[in-house]
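Common to both upcoming complexes is subunit A, partnered first by subunit B, then by subunit C.
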Partner chain A sequence: MSADVLRAWRPSKGEWDRAAATHLTRRAGFGGGPGEAATLANEPAHDALDDWLSRDAYDERVTKGVHALLPGGDTQRVAAWWMSLILSGGAPLRERATLMWHDHFATSDAKVDDVRMMYRQNELFREHGLGDFRVLLHSVAKDPAMLVWLDGGANRRGQPNENFAREVMELFALGIGNYTERDVQEAARGLTGWGTEGRAFRMRAEDHDDGEKELFGERGNLTGDDVIDRVLAQPACARHVARRLLEEFVTSSPEPAWVDDVARALITNEWHIGRTIERIVRSELFFSPAARRSRIAAPVELVAMTARGLSARIAPREATEAAARMGQALLRPPTVKGWDGMRAWINAGTWVARHNAMTTAAESTTVDWGAVLEGEDGGTPEALAATLVSVLVPDLLGGTLEARLADALRSADGSRDARASLGAALVLTAPEYHVV
Partner chain B sequence: MTHRLAPLCALVLLPLAAPFLIATEERAPLDLERDIATLLPDSIVAYVDGSGLSPVLSDGLEHPFVRNVLASEFAQTLLAKTTMTPAAVLAIGDALFGRPVLATVGKLTSKGIAFGVVPRDGKPALVLVVRGDDAALLDSALAAAFDIVENKLGLPGILDRPQRRELGADVWRLGEELVVAKRDALLVVSNDSDLAHDTLALVDDGERSGVAADARFAALDAQRTGSEALWSWLDLTRLKSLEPEKYGKLGLAANLPATQALLGPGLCALGSSDAASVWLSLEGRAAELGVRGRDARAVAKLAPGARANASRDLPVLALPDDVGHATVYRDFAAFVSERVALFPPETLPEFTKALSTISLFFGGRDVGEDVLPQVSPWLQIVSRELEYDEGRTPENRIPGAALVAELAAPDVDGPRWITAFQTLIGILNADAAQKQGGMMQLELGLEGDVQVTSARFLDPGPEDGVDVSYNLQPACAVVDRFLVLGTHEHVVRSVVRQLASGAPRDARTSRPTEALRLSGSRIAAALRENLETLVMQKVVDDGLSYEEAQQELGGLVLLAASIEALDVSVAYEDGSVDARARITLGGVAK
Partner chain C sequence: MTSTRRQFLVNGARISAALPFASGLSFGASRDNDTVLVVLQLSGGNDGLNTVVPHRQDAYFRLRPTLSIARGDLVALDDEHGLHPSLGGIGRLFDDGRVAVVHGVGYPEPNRSHFRSMEIWHTADPIDAPTGVGWMGRLSDQLARRTVGALPALHIGDGELPLALYARDSFAPTVRDASGFELRGSAAFRARRDALLRDDRAAGELTAFLRSAASTSYRAAARMEQAAARHSGTEYPGYALAQRLRLVAQLVSGGFDTRLFHVELGGFDTHARQAPAHTDLLRELSESVAAFQRDLTTSGVAKRVLTLVFSEFGRRAAENGSRGTDHGAAAPVLLIGDGVRGGLHGRAPDLARLEEGDVPFSTDFRSVYTTLERDWLGLEPSTSHAALDVLG
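Now for the complex of A and B:
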């Protein structure tokens, strides 16, 4: 099994279809625009995967333009700027990875309270999020927002603050059970002196504990960088990262053997996250029933895939606020553990918020229904229901959702666009749509 | 399809019968010099007189104001994006209409054009009265217009003859609502047959005066200068009683403290007027929009003239390069003394709490009793571009502003204000320290012989960037009798220099007038300075594409750059409010 889990997917005839293409765009990105899944499904699977995974382009005016927003100090504007990159769909996998690392190395502006630091961290995830994990971890350890968030500045010789050292081991790189309390204390000593000056990283030599430490059973006069290197050298580290990648791209409960295989792939790829993700995305596992429709869409991905799928013109700030009402405020994760996700996304309050946001999107006057319905006229309730289901939840074509929708559309009147809007609202607010 | 057929049937059937019903009758010729307001019924609540537009229409593109608008950078940029010049557009209109449109309209309205509105349940009734001195021209213009309608309906000749005569006028009814009546060189158009009839009755009876007989109308009408292109009158009393939900609380809302602080006592009093006139004048490079309110009741204690020691001996501080300057009347002492009348009851505890906090800054003195009454309510505000110290130039530069107020007892109150300023900075620093935010450092300096107290954030680190907050470097000083408070030390020092060198006094008229002047070119410069930020804000806040945002804001910058100055003045005296906004074209962006 272990040798096969990342075996490249060679779909037999009919397997590479609109549903598979939709799965690709939603799991390895934030969904496609109208007709995009159909276009991809018409290409050979290999070409379509190449096409999707190679998308890595931004509107430079917008990426550079963020610097004009920073002096104003409004973090929510920068969160909205990030949402604009997500909504644009220019670099779907990179933005997906950026969001994954934001959740993984969860840092909140609620404490950092500095837009420039939060932006710099966001850029760090964008720059290194598909690169070498070792570089990413070292960079995060010296990231000013992280240092403020986990009290790096208070970690001084003789008065170690263990916050960052503990989270590096527990949450960021190893996982519980793979370190001892002594390791945390000794790692914290090694990290003493790392802090900020203004908004920049600063090593304060006078605050560094340069005594001998013992970490993971080995002794030495460890610096902060040595501590990170030792953490990376632990076998548990690659597995921890592999589990995170599988949770994001395959399923929330990956098999241990899958984790081992992906960890091996990560090491083989010299810790290159992007190449490892590509192997996952091109694998049988990625398109297997275990991966398909196995996650509850996180608010950001729900808002983005809906706006993109309907080509609805939703202002990034509005999209960011809608996601926040559903429980995912960008740049403000609730704790250092990030968002709990999955079932925790749904409660009475957030479901109402999801319902409202989906209804608003379906009723948006900016939706190009001609494009969404891919030229289908939706003349009969059955035809319209089939088209909407095939576009919005293609895995469920021919199922009960389609039958329910056709039934509801029988009493609808008005223009095609009005009926399509009503039908789309019914699909988007159905629980089935929220599982991706 | 059925919607279109109903009026068509009416159009088809009525003319068949109508010519047989028409009886000619002898009527006295119309008095073309009669005040056009006398032709509109006194049931109207809104009246617009466009008689002054006639010269603009006659001159067309050659009218001086129109010429200046078209020559502006804004118009030129817009025109560069279109394929047709305004002259070409007019030529097409002329060809379609078969005669020069603007000149014809000018002649048709040479003896006045007026418009009235009568509130009705559901939909207001509207009437337009157009009067020229050439009945034949009106005949042919009307025939040309009817031809267009007939061609559109595919029913040629259907409107060749009127459907009836009424009070000496030929009357056509178009569809279910529109009534068109012509008598000599006078045309009446209305969407209400009763209103059309009332209007024709006034036209027919030279002894009646219509809305002009209303004393409130007459009073405001008498104040016209004759230069107005458009002049209108609003019966606010009736509007409020007819639509209490919409207009009933106009006066009350204007008395809210925030509105008072923002708009001032004069503009706030407008809402309580029993009637108002609004006019537009166009001359040369300037367009002026004016509003005059009659029987306007300002909150007594807040109104100019209510304070005994309200000195108006103001220094002239405006400089040619200013972004703007204003002279306003805000009696904050009266805000405190009248708080029970002004503030909603639920906000009074918070207000009182704020007062007691502020009193701490003044060594425990009562702000309402001891501090604010010593400050003249006539205030000057100047806004200027700033200069920054090296390494402290914000990435978004915003013009600074300083407020100048006269103190009744500068020797006593001056030091108190400076101490209050210092205490305020101290308290803000304590708050910032709690939140681990940026603190400010107090500094004392001299501008000539005058001490300037200022506060500045610590210099940003080399990698920190310079935030918008660095536009704030608050400062205060007392020069002679004047207290100067500013958002930035630079602007305070520049005002101190002006005051210390004996700025000339304001030789204003006896009317208590609030005034504001904004420089279009300076505002355009400030917008340009921050264009990238504004574009990005539009992108993320409004969901515009980068190009759309750039285009929208580029238009705004050009518009501002095309305006030399915006002048606003508000005078309130003896229950009369006179507010004017004047735009002078011709600014060039720097």
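Now for the complex of A and C:
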């Protein structure tokens, strides 16, 4: 019974298809390029999963390029640089995890106001985001941007500031109901003295409260590191992380039993996030109806999967600005809770932003329609509709969207590229496309 | 929550219907449910003492040897106070009873950091670290819950979304100008777009939700287009602030359902050679607001719209050595509209009783907020601070 939910998927013939491959690329990354889902679907599922999950390479010219941006002090240029890593698709799962942790340990430049600290935190998520969660949490707790964001510097002996202590329990590691107010206060005392100096972590011994504390019912002369260790030792911690992984990779409302199974898998894997995610991605659950088309695409996902799917050359800065207009400004999450996601993405204003970004992409002159349509000529409205739906929303092939699209394209004329661009604009602005 | 409820009871019937979400769409009988709040933010710290000048106090002239304004140049308010000479337009509105000046608005232990003090005003919380939800965002969430698909709040400007508008469940778009709701797409595309949305068949809960949101959004865009095309005939000056307020007037008079607007006028951080800059800024403020009020009156919506003019802090009572002023504490706020009880309210600053060289606050800004939140908009207030009696 236990761990059943993570049983490896062994698809029967026909189950591993373009729709399943598209689900893999969009959920465990930011989508594939033209023809990529078809190529993956033609391989055995096991090989395709190996292929996708092993992609973990960066173009050094791009990664190094960030150092030229930092002196300018403009954090939005670093956000655009990050977007270029996402758009390149070299390390889809690692970038996906980086974004997940940015959302989880949500820190905003609105307060940090320092491009180097924001960059450093972003690299921290990239470096440890698929590694040991215990290392990740310890690193985040000492991360300069986080210390500024949650007032580490103000947390001193005799005048504790509970900001970080509270969030590490409420949002980062345990969840409400798994600690008391007393635990927050005592943890804050243990963390006193942790601050920054010149953009680096600094322990100010003179500000540390070295008295005895009582945390989670145990007494001790706790340091900040001890506090983080005790948080990690709480049974709620693995479940909290497990729920986060399930929300990101499976569904926003995971069953409690799934959370238990994934928490167990996390501990079995020595808290290794990457290996746990791999188990999830290779599982029956990941490809089950509960997971398929269960999310409203977040703005960054939407922009990236569209640019990649059409191989449209969109400047990274334009992509981050488009996502910001839809409500997701990278490096500026609204609160320490991160983005609420799902329906909260959508209102009249953000839908206009989605609409405009999608039509702009579909009408971009940089799209190679021959590649997008995978060589199909789309000669009839029906053929064009079928091709576009199979490329952009393969789960819905043969459904009413395809029929409505064929109807809408009936009176369209002009070159193949013009008709393809029109059809793509219709699909990309259709609500169906925004469900992933 | 408990103290908020008690406040409702203490303050009687007017607000009893505004108990949180109990009755969904129903509002109190005191106000129509279409009141609009425009928050006009003067960024940088507006010099309150040269905005509403206490010209009977000799200390004013002593503290400001080069920056004080001669009594005869002021726009008279009462025997003791006059507006900066640039504020003639607002002075005329004051004479009509359409401006409430609230003296000495601030909060305890004033913070002189622009960022922190703005954050305090935006969150209505001088103590706790911001949770990232602003006071207008809380209102926006309440409105969004009452009317699904509504667009409760808009930020009109070209900067970032102000923290005040950050909400938990709703999202306030930033609109630079009337083109902000313009839908892109070729003509061929627009002609076919609606055909694709038209489908009643079950498509899954999320798709159905998005379909409804998209329809709402396209209707809002069309209304914005119509509203923006309406011209009341009112002349506006060329200032950026005037153009933004014009858009607010167009949207309100055009039947747009947005009830919270945030607009900004920046440049008030006048540490050096203050006089010419401050004169220009206040003229932009006054002439823009005057045109806005004329427009609202012409369009027949003046009763529904109230404008709050605030800044994150006032400035030091004494001028500095650069003919400017440094960051201070309390300052007057203005409430402008047909719905206010015109006049001067609250305790005027006493320059003989400064605290660390600053005007101390006599009215907590959260009382201003309660007035607007509960009594003007009919919503649950951010805090339990008592409301002011400044509405008509």
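In this text, the second predicted complex is superposed on the first by the 435 of 436 C-alpha atoms of A that agree within 3 Å, B and C clash if a C-alpha of one lies under 4 Å from a C-alpha of the other, contacts with A are read in each partner's own complex, and residues count from 1 in each chain.
The rule is simple: a residue touches a chain if its C-beta (ideal position, glycine included) is under 8 Å from a C-beta of that chain, and two chains touch if they have at least 3 such contacts.
Nothing here was measured: the structure is a model prediction, and the numbers come from that model.
Student: After the alignment on subunit A, I want to confirm one thing: do subunit B and subunit C clash, or do they fit together?
Tutor: Because the two structures are overlaid on the shared chain, the partners are seen to clash.
Student: Scan A:Ala80 for contacts with subunit B and subunit C and give back first, second, both or neither.
Tutor: Touch partner of A:Ala80: subunit B, not subunit C.
Student: For A:Leu426, using the defined touch cut-off, is the partner it touches subunit B, subunit C, both, or neither? Pick first, second, both or neither.
Tutor: In the superposition, A:Leu426 contacts subunit C only.
Student: When the two structures are overlaid on chain A, which partner does A:Asp50 contact: first (subunit B), second (subunit C), both, or neither?
Tutor: A:Asp50 sits against neither subunit B nor subunit C.
Student: Now for A:Val352: first (subunit B), second (subunit C), both, or neither, which partner does it touch?
Tutor: The second partner, subunit C, only.
Student: So in the superposed three-chain picture, is A:Glu15 touching just subunit B, just subunit C, both, or none of them (first/second/both/neither)?
Tutor: neither
Student: Once the shared chain is lined up, is A:Asp407 touching subunit B (first), subunit C (second), both, or neither of them?
Tutor: Only subunit C is touched by A:Asp407; subunit B is not.
Student: Between subunit C and subunit B, which one touches more residues of subunit A when both complexes sit on the common chain A?
Tutor: Result: the larger residue contact count on subunit A belongs to C.
Student: I'd like to check the shared interface: which positions of subunit A are touched by both subunit B and subunit C across the two complexes?
Tutor: 113
Student: In their shared complex, at which residues does subunit C touch subunit A?
Tutor: Against subunit A, subunit C makes touches at 115, 129-133, 144, 149, 151, 154, 160, 163, 166, 168-175, 181-186, 188-189, 192-193, 195-199, 201, 203-204, 206-207, 209-211, 213-214, 216-217, 220-221.
Student: Write out the stretch or stretches of subunit A touching subunit B in their complex.
Tutor: Counting only subunit A, the residues touching subunit B are 59, 61-62, 65-73, 77, 80-81, 83-84, 113, 116, 197-200, 313-318.
Student: Write out the stretch or stretches of subunit B touching subunit A in their complex.
Tutor: Residues of subunit B touching subunit A: 394-396, 435-437, 460-469, 530, 532-533, 535-537, 539-543, 546.
Student: Which stretch or stretches of subunit A touch subunit C in the complex?
Tutor: Per the stated touch rule, the residues are 108, 110-111, 113, 150-151, 161, 163, 293-296, 325, 327, 332, 334-337, 340, 343-353, 355-356, 359-360, 363, 400-401, 404-405, 407-409, 412, 422, 425-426, 429-432, 434-435.
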